[in-house]
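Note sheet for the following structure.
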Amino acid sequence: MSTESPYAIGEIPLVDHHVHGATAHDLSRTEFEELITESNRPVPGWMTQFDSQVGFAILRHCAPVLGLDPHPDPETYLARRTELGAEEVNRRLLAASGIGHFLVETGYRGDEILDPARMAAVAGRPADEVVRLEAVAERVVTEGTDAAGFAARFEAALWERSRAARGLKTIVAYRHGLDLDPARPAPAEVTQAAGRWLREAERTGTVRVDDPVLLRHLIWTGIDRGLPLQFHIGYGDPDVDLHRSDPLLLRGLIELAEPSGVPLLLLHCYPFHRNAGFLAQVYPNVYFDVGLGVNYTGARSVAVVAESLELAPFAKILFSSDAWGPAELHHLGALLWRRAMTRVLAGFVADGEWSEKQAARVAAMVGAENARRVYGLGESA
Amino acid sequence: MSTESPYAIGEIPLVDHHVHGATAHDLSRTEFEELITESNRPVPGWMTQFDSQVGFAILRHCAPVLGLDPHPDPETYLARRTELGAEEVNRRLLAASGIGHFLVETGYRGDEILDPARMAAVAGRPADEVVRLEAVAERVVTEGTDAAGFAARFEAALWERSRAARGLKTIVAYRHGLDLDPARPAPAEVTQAAGRWLREAERTGTVRVDDPVLLRHLIWTGIDRGLPLQFHIGYGDPDVDLHRSDPLLLRGLIELAEPSGVPLLLLHCYPFHRNAGFLAQVYPNVYFDVGLGVNYTGARSVAVVAESLELAPFAKILFSSDAWGPAELHHLGALLWRRAMTRVLAGFVADGEWSEKQAARVAAMVGAENARRVYGLGESA
Amino acid sequence: MSTESPYAIGEIPLVDHHVHGATAHDLSRTEFEELITESNRPVPGWMTQFDSQVGFAILRHCAPVLGLDPHPDPETYLARRTELGAEEVNRRLLAASGIGHFLVETGYRGDEILDPARMAAVAGRPADEVVRLEAVAERVVTEGTDAAGFAARFEAALWERSRAARGLKTIVAYRHGLDLDPARPAPAEVTQAAGRWLREAERTGTVRVDDPVLLRHLIWTGIDRGLPLQFHIGYGDPDVDLHRSDPLLLRGLIELAEPSGVPLLLLHCYPFHRNAGFLAQVYPNVYFDVGLGVNYTGARSVAVVAESLELAPFAKILFSSDAWGPAELHHLGALLWRRAMTRVLAGFVADGEWSEKQAARVAAMVGAENARRVYGLGESA
């Protein structure tokens, strides 16, 4: 593999520090197309999601893993996928990704996808859990609490739920936006807000935390818990108001959280990844990745990865796929990252700016070592 | 042309879905320089607008169309232009652009430039109209209305004015900013706002709609009209507050307009084109182009076009020149787009990411087919 | 040098229009690492600031100037630095930078670094001063004033302090953010605000101007002074709220200042440099550079420089290093800019977009001539 893989980037046992499970069941064309976009709308009849960077990347890179030539038409690809069956497709795509360790975030439609244990079984590599704060809080309400008891019950549930977890995650970007008061709310405020939430849940039959006081309480309780804390930033599905998802809005919280020593991990960040790089340079507690954006920019992911290698010290950049559902996304997350890093670093070396040794070292740091250090994963197997 | 034009990009009969007329008269150096910048200030004596990307692109690419070698000095170029005369210059530059269909927006200083019929005559290709909402509303006031009658008169005027139009356009970005309440205003609010406007017009002698209630009313009446609706976004002349022209600010309106099925076309978008690509991915009713930014970034337009090919499905990206005035801008809009697409797509193919067939298909979609579908132009001649 | 330096970019006697002094004393490893980042936090034990773009650039480009092979390890580099001593290191790095004229901003920890006269002596090239408005105001308060006398004393001090200066500088971005009322405050407001400031200085023992009324007063007094006025924009240390440092926020001030004819120079601008390019196109009084961002993006500075060559006329773009402290930063500012310009312009020429003559002319404009014109430096020696 040496000619294919300068600086041994192809051999790095990646730590995918933010990923979700693969779907266990076979997918219809409609289901598949709806899972290869961040849109949550039906695909209009006059287009196909295969006509996109991620669609072309699937046809180019996943087809050979399923035994087809590159660039088949979508029908041929999906027919082959069905022929092999979801289990074999998952096995092939996950194994070929070369991912060495999965940190699986389980808070989003977790019952439709493989849980960490099954991910580990299919991929043949360890998989640990990252726990979503909002999901824990919503379960506390679903299982029954009063307003005054909410804070204590949430704390107990979070400690219990995260006993073996490697990290926590917040989706405050989805539920409110990052433009929120960064201060830890007072207990009385939390109780009041919990009361409002319980009455609303009663009235609507829906348990969804979006009150900024409660979201702040979740985050601060998460910081108390002491595990690395992931933030959804930037690009995602249309539930997110992208205008309010710029990581620069987190400045106040970052500074307040700094004495805790808890690592804050900014996920995805596209199209604000340069802003994330700034934060990662100036604040010791900030890290970031360009996860989701790599998959969805496909042939253009080289540019996105290049832009992530500007201000941030190399010890502060991580790899993730943020894949959810089709194992194509897990596979591409790793493959496109490796290709992008290879091209970008080979460019630095060819330009006479970096040494080959530096390129190999930085790739290993970003691909695995930084995550191993932050999440305490020990040495690679 | 095959060696010059991989993927037949040179032969695509482009649909320029947002363009203005060419100037019919000869231009002095001062006039010419003031028309090749988005600045509306006089050109300072210590500089020339030819010392810019668009200036260099004119000297490089338009000079040969006028029978000169590339890169003449500005004096030589303008002398040749004068020698040929505006009519011949227009004829040559428009014909050589290879644009197959013009959608001409007539709302800005329309009496100084060719109207759609004359554009069609000079270029020898069909030209249809796009009607500017604000211009229609201002004419209603100029021709006389009372506040209570404004809404009905505007509706009648818009329907009449757009009988043969292919689309509508709003410049709410110029008149207020995109950060406005997205809701359709109530009739009483519209009447009140119309009253304020009429009194102000009376007092100032100027008829200019910039009240956010009225601007929202125009947009919603435009949506009722049912034609594709273009939005000025981002880069433009200094009348625009660029900080309030980020397309992400349109999120609320996009969601409210979604049930109407009206296509919303985000124009130019520079430097927010990645944000536009996000909106075009997640919302079925959103499309975008990087029109104006291609001309004004000249040799750098390859990068801008590349950045436009990230998140959006390829069925949601269009071509436009947004040229106004000198036919150099119409010519360059097409030429620079073809060059940029050729380079970007050839890069994807050379990298082994796309097939040649995919490259040819996407170029044809973005250059013509998407616009034909959205505006109902039928098959290309 | 001709094969190394197409378009004679290597030979341009650069005007570094915004720079600070070099440190005169030897630096420990800790001190050195803390000076090659914009972070003002201690370097965490698990990382080194050498593992960054600027760190790699130092090892690559400064090592040979100190007589080492490129890419030594940090220990070797710093040992050699100590062996040579600060004076020799400064002399070598400044001379090899080929900078022809320094405009030295003296307002930040000026007692720790070389002043303009000593910079000129070490580098063997002229060095003039740029005076920081906020530093002058703070000295007025330190030296004693009452509220009613503040405005007059500040005016007198500014005129006195800037008698031989080439320009002024404001750090309103650090002290408040660029989102401030652009209007000149009334005298009574200034007196009131000065009173508040004096009482606060009395109470806290700290003299730091951050009241928006006073900051506006400083800026408008600076405009009255009539020298070119530099604005810190965008990227800097974590004192800056980057979210409030977008140059687009200056639109109101730019328009109000336009009649004065005072050139406004937007410094650094990363990651908002495209926004700065827009302002420089549409407003005759706006100029910009990408100074600080070039050093800190190292191997990626080619991309940053390329992005700065989009909308702005070439007469409106300047060069600066914004170096402070280690002379490595002065050296790299020049070297990386020359390399980036060479690559970007060679790309335009190779693509057939620009002539070689155009490339040489634009490089000379951006590197020196524009600054000579704006600051009235006369012809290059």
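Annotations
By written order: A, B and C. Residues from 1 in each chain.
Everything below uses one rule, namely that a residue touches a chain if its C-beta (ideal position, glycine included) is under 8 Å from a C-beta of that chain, and two chains touch if they have at least 3 such contacts.
These figures come from a predicted structure and were not determined experimentally.
The touch graph of these protein chains is complete, with an edge between every pair of chains. Fitting chain A to chain B on Cα positions gives a rotation angle of 120°, stated in steps of 5. Annotation: the chain A:chain C pair of sequence copies touches via predominantly different residues, less than half of the used numbers being shared. The distance from the centre of chain A to the centre of chain C, each centre being the mean of the chain's C-alpha atoms, comes to 37 Å. For chain B, the set of residues that touch two or more other chains is empty.
Chain A meets chain B in the complex at residues 37-42, 44, 46-49, 51-53, 55-57, 60, 70-71, 235, 237-238, 241-243, 270-271, 296-300, 302-304, 343. Of all residues in chain B, those touching chain A in their complex are 246, 248-249, 251, 255, 274-275, 278, 281-284, 306-307, 309-316, 348, 351-355, 357-358, 362, 365, 373.
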